[in-house]
Amino acid sequence: MKRAFPILAVLTALLLVYAFYQALWVAPTDALQGDVYRIIYYHVPSAWTAFLLFFINFIASVQYLANARPSTARAARWIVIAIGIIGFVAPFIPQVKQQLPTGMYPSSVATTFLIITGLYFVIGKYFVDQDLDVLAVTMAEVGVVFCSIVLVTGPIWARPVWGIWWAPGDIRLTSTLVLWLIYVSYLVLRRFSDSAQTQKLAAVLAVFGALDVPLVYFSIWFFRTQHPQPVIGGGGSMDPRMLHVLLISWMAFLCFAFLVCWSRYRLEKLRREVEEAEALESLLEPAGLAGPSSAVKTPLSRGSK
Amino acid sequence: MTNPLTAPRGAPIIAVSNLVKQFGRFTALRGVNAEFDAGKFYVILGDNGAGKTTLLRALAGLTDPSRGEISILGKKPHEASRDLGYMAHPSLLYDEMSGMENLLYFDKLYDIAGNSRCEQAIQAVGLDAELSRPVGKYSQGMRQRMSLARAILHDPKILFLDEPFSNVDLHSAREMVGLLKGMRDAGKTILVVTHQAALLEGTADEFVWMQAGQIVDRTNHLARGHLAPGDAPAGES
Amino acid sequence: MRSFWSIALATLTKDIRLEWRSKDALNAMLFFSLLVVVIFVFSFDPLAEESRHIVGGLVWVAFLFAAVVALNQTWARELRNQVLDAYRVSPAPANALFLAKAIGNFILVSLLEALMAPLFVIFYNLRVLGPAWQLIPVALLGTWALVVNGTFFAAMSLRTRSRELMLPLLLFPVSIPAVISMVAATTSILTGDDPAHFYIVLLLTYDVVFTTACLALFETVLQAE
Amino acid sequence: MNSIKFLYAAYIATWLIHGLYIGSLVRRYGRLRQQMKDLGRGK
């Protein structure tokens, strides 16, 4: 697998350059905003990627907490299956269908729920308890990086087009800000608490953060209907060619995010291995320890990457 | 205070199998294996950092082991909490409340209504139940004894005492040893972590020596055969 | 189930008795709240005509500060002599302790608010244009939203290095939707131009969601060691 | 049309943030290698 990293890195670089080219030259100029609207090709994909990473962090945290006991693990699995089924069926019910915002088709909602359920079980299979926590840390950290980009490019885009740096009424940007704050406090909690139970506390905070997101969305949504304000990026449908470039750009950023996450994951695993080795070394420190414990070879004796 | 013990005297009541506890990089316990019998009085010795307190806290269910198993009366420490009494160097009492008020509150945690038991516990440790002075104003010896009263309030089968005699005057310490001896004779299992092991020379059934996170020796007398000359047994406080 | 509530009640009465006995902590917090109000009054001109639009925000931010100071003291007494260990060794359920502490904090923070609110009315000579009675549910639900999460995060920050600093860092981001709702509801009631029903319902949802989450996860946090 | 400056600013900012983060990853990795070397020598 180590050989694949450089190949993937080159491919991703090519994809990023292609997306860059598409974004700046191929995509049509926007009638209203002129060329500055092209910030969308970096702003929106970063946001989608950040939300995806935070969502995986939430799933990993829920699994980490649920796996503490077999009974809760089974219960969690059944709940996810139930959510999956309800989410898959609900959008096709007429009353629910007209609730859906204009751009969303019932089929797309159904498939997203399917993907969510699938994601839960895929993560459950490939990541066992310690790895779940490593996955959670990785997703949170890289997610905060992408989220920071959204919060930087947002105002840079709003300034020339709407003459304002920040629109509190804009649901998406304000929700992203709150999400960013929640996950920064998540990282601060991890750094400040060094007790062996840090992982559990962080997982609990991740669950709290996730519960918070819909509430943030609704509190701002109503706030916006009372004081209509410009929405950064403008709502409504997009020119298909623009949408095409946006998706290319998102694919490129997703690959990039995958590579960054993967290296951060490996770094975290290595950090824990080193910490474990140092702990084991403190095990063998007192010379002449006649204790019954077998002489333990530090796991790092084999050559590292 | 005496009650027929379900586990016959001498049968193992506590079993610890390769218990490991790591606090981040520091390894407090490195594979402890031990069994403790019912109705016996154990003293756990060792210098600082040997893992005595961590072992006791793990047995009382206050610390989750990193690896390994603990079974008390056949159950996990959390499940056996009704039969466990825990006392530590800090008093585990509210300074602003009097001894009786403290016990009345902790009495409710064990769901045994009735302050008669509180009075009994206070008298058992040789204190006056009517004393209305807040615990904060007690002498160290009195505070430790009130803490012992709190630990035995619900008549537990097993007592975990962490440094019960530290900076307690000699007289009070000796009296507490007498109390513990009485409880052991009444059938309770007692584990004491202390640096003043000499106080318990005639009383304790077994001395458990710990070093660098492991049990290295178990003797029934304080004098250890192969004690390194430099390691004088912990002298009297 | 009966013992759950008797333990919770016993813990609550114990806390209230202790708070009543050594009133110094309470007086200090009351004085702090007074200071917060006075500083707000000096920094935001009370005579300005549109002060009615910003007072909602001022009131709740002042309450937030007072609440954080009170919440930081939640576990102070338990920490002094490691009394939490005695509770954790006992078979008493963790949630009984949590509810007792949360209700105790609720009473304490409401007390602080009861002192601060009239001061705001006096300094900003407020006249409520909208349905004034709706301020009561907003205040109750809003205070509980801060207190339930605050007690939980105070217990969580016990395990961290700088405890007083960690609590606001954990509490504020998660409380943003509650703060938005409280401030918007209060402002719309004060100015009376639009109904506050939506925000009151949102606050209720927030309280239900986070009270359940706290009760479900407090055991994990208390036993974390 | 100074708005183009904002476009470039946004793109540069994006890669600046990514660069800083990757830089921190590399630094952390270097520190880890150093720790592993110390471990090997049984410092």
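Read from first to last, the chains carry the letters A, B, C and D; within each, the first residue is number 1.
Just so it is clear, a residue touches a chain if its C-beta (ideal position, glycine included) is under 8 Å from a C-beta of that chain, and two chains touch if they have at least 3 such contacts.
Just so it is clear, the model here is predicted, and its values are computed rather than measured.
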### Task
Would you kindly say which chain has the C-alpha centre located farthest from the C-alpha centre of subunit D?
B
### Summary
Between A-D and A-B, more C-beta pairs in contact link A-D
#### Entry: Rounded Å distance, subunit C centre to subunit D centre (Cα mean)
40
### Message
Need the CA-centroid distance for the pair subunit A / subunit D, whole Å please.
### Response
19
### Task
Would you kindly tell me how far, in whole Å, the mean C-alpha position of subunit B lies from that of subunit A?
48
### Message
As a quick test, compute the distance in whole Å between the mean CA positions of subunit B and subunit D.
### Response
52
### Query
Which positions in subunit A touch two or more other chains at once?
194-197, 278
### Summary
Touching at least 2 other chains, the residues of subunit C are 225
### Message
Once the touch criterion is applied, which pairs of chains come out as touching?
### Response
A-B, A-C, A-D, B-C
### Query
Within the complex, which stretch of subunit C touches subunit A?
149, 156, 159-162, 166, 169-170, 172-174, 176-178, 180-181, 184, 188, 194, 198-199, 202, 205-206, 209-210, 213, 217, 220-221, 224-225
### Summary
subunit A contacts subunit D in the complex at 20, 33-36, 38-39, 42-43, 46, 142, 145, 148-149, 152-153, 156-157, 159-161, 256, 260, 263-264, 267, 270-271, 274, 277-278, 281, 298, 300-301, 304
### Message
So in the complex, the part of subunit A that touches subunit C is made up of which residues?
### Response
65, 68, 178, 181-182, 184-185, 188-189, 192-198, 200-201, 204-205, 207-209, 211-212, 215-216, 218-220, 222-223, 226
### Query
Across the complex, what residues on subunit D touch subunit A?
1-4, 6-7, 9-11, 13-14, 17-18, 21-22, 25, 28-29, 32-33, 35-36, 39-40, 42
### Message
Please output the residues of subunit B touching subunit A within their complex, sorted ascending.
### Response
22-27, 30-31, 33, 64, 66, 211-214, 216
